[in-house]
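Read from first to last, the chains carry the letters A, B, C and D; within each, the first residue is number 1.
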Amino acid sequence: MAYSEKRMVAWGDCDPAGILYTPRVYDYCTEALDNFFRTVLGCDWVALLAGGNGQPMVHTECDYLKPMRPGLELTVTVTVTATGRSSVTYAIDGMAADGTAHFRARYVACFIDIESGAAVPIPERFRAILERELAGHGQ
Amino acid sequence: MAYSEKRMVAWGDCDPAGILYTPRVYDYCTEALDNFFRTVLGCDWVALLAGGNGQPMVHTECDYLKPMRPGLELTVTVTVTATGRSSVTYAIDGMAADGTAHFRARYVACFIDIESGAAVPIPERFRAILERELAGHGQ
Amino acid sequence: MAYSEKRMVAWGDCDPAGILYTPRVYDYCTEALDNFFRTVLGCDWVALLAGGNGQPMVHTECDYLKPMRPGLELTVTVTVTATGRSSVTYAIDGMAADGTAHFRARYVACFIDIESGAAVPIPERFRAILERELAGHGQ
Amino acid sequence: MAYSEKRMVAWGDCDPAGILYTPRVYDYCTEALDNFFRTVLGCDWVALLAGGNGQPMVHTECDYLKPMRPGLELTVTVTVTATGRSSVTYAIDGMAADGTAHFRARYVACFIDIESGAAVPIPERFRAILERELAGHGQ
């Protein structure tokens, strides 16, 4: 099963039109991805950084499928959809309790050496987990 | 000439790795697009909403080309790259003074009736301006 | 018992010094207060607004007692500490699992008529609940 | 003359009630204070950190004097109002072009050694400037 977490659309995340402000969906996705790291890979971004690595995004995108309003309860799901030498692609989806898909995002991350900024192979301790995730959920 | 504005990467927009936090680039783009509306179309989003229309995004994406750190001065440029019946596509780019491209985003907006949420044709007063922008800058 | 909720300090809420960015504590407090409204008063801010009322803050303040870093699990507690004709004062505290107090905020809200912006008496359906909260927890 | 900068209230900084979301005023103040550091003290927070010091806030507060809506042009002014051994107190005010005061904030910062977290005397190169500011503008 893919990683998922509950998230409620907050009043302050919405704009004067009463719907989720465009950039906020990326806050939801990025926090879910951080939690996926902590929970599934056993390493949050602080520990990753302390270990000399980073995982900056090289590309992010999102389809806004249905408007999101304050109080909406979402299930945000993180799925590994591809792995390369240094890169990992994630699908991050937001779905309401009734099954309505509200957003679908895609993040492409690249493992780097934090000193040089150069791309490095996905560390082995993460690769095994990411590929297991990919086998279960990849597309 | 396309619309552009200056923006400095703020300390608080950066994360503990010292670089721009992934979602914040969308704050920069969305604010630049709001300012483009105000300046070039002569109508900010408050006035658009008051007139019964909205322009929610149906898709946004960004390539992160070079890390951005606190104090970096960016020129953020908004270009119209396509128009449809209801939709407009914008390229939003962030460039340093030395010409380094730091990010390149793409936003697809859709004009809607704010009551029904249904797509509507681009209002005529905007279409003329958007197509003039497109002629000058489209790709 | 006062209202409380769990909240983890997110990576993206912290700044390049690695600690919670100064303004973010107010996001934590304001979201906790919104949840207090929804849970304890049975009315979120959308419903309050739809009913013709608002509850803007006239004053907020916070003491930062101990640095907060990514991954820190906080319990955020909302307590009613005073009621006036139109105003309500809340204490909002953030405490770690080991009992360390990390922040203590105070919010003064004022009930208003949303059309005129004028202060109005606390609606009766809220006053009874707020005063019961105050009796239990007030200072 | 005190340091000041222009700032426009952004659409995305406002909530579904159409006014500035409570926490956002602290983003305005904290960014103005960072810019004050860069401009008046000749040292941004990155350089301060690189030099082994930090200046975390120990207390912040704000009076919300008049509602702020999208498009409002503010002049945000930073004034030094007190200095102690390690601490500096700033008043940060937001005023419209017509002279209307929209917010008045107060920040108390404390200079620290970044390694130990202990309070340190205000570095001499800053004290001279801060006291000159204080002499000109203090209250």
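FYI, a residue touches a chain if its C-beta (ideal position, glycine included) is under 8 Å from a C-beta of that chain, and two chains touch if they have at least 3 such contacts.
These numbers come from a predicted model, not from an experiment.
> If contact pairs are compared by residue number, which of A-D, A-C or A-B agrees with C-D in over half of them?
From the options A-D, A-C or A-B, the copy of C-D is A-B.
> Report which of B-D and B-C is connected by more C-beta pairs in contact.
Greater number of contacting C-beta pairs: B-D.
> Give, as an integer number of Å, the spacing between the C-alpha centres of chain D and chain B.
Their C-alpha centroids are separated by 29 Å.
> Taking each chain's centre as its mean C-alpha position, how far apart are chain A and chain B in Å?
Here the centre of chain B sits 23 Å away from the centre of chain A.
> When the C-alpha atoms of chain B and chain C are each averaged to a single point, how far apart are the two points in Å?
34
> Counting only residues that touch at least 2 other chains, which ones in chain C make the list?
Expected reply: 11-12, 16-18, 21-23, 27, 30, 45-46, 70.
> Contact residues on chain A for chain D in the complex?
Residues 11-12, 14-18, 21-23, 70 of chain A touch chain D in their complex.
> Which chain A residues qualify as touching chain B in the complex?
Touching chain B: residues 16-17, 19, 21-24, 26-27, 29-30, 45-46, 49, 54, 56-64, 67, 114, 117 of chain A.
> Can you check the complex and tell me which residues of chain B touch chain D?
10-12, 18, 27, 30-31, 34, 38, 44-46, 69-71
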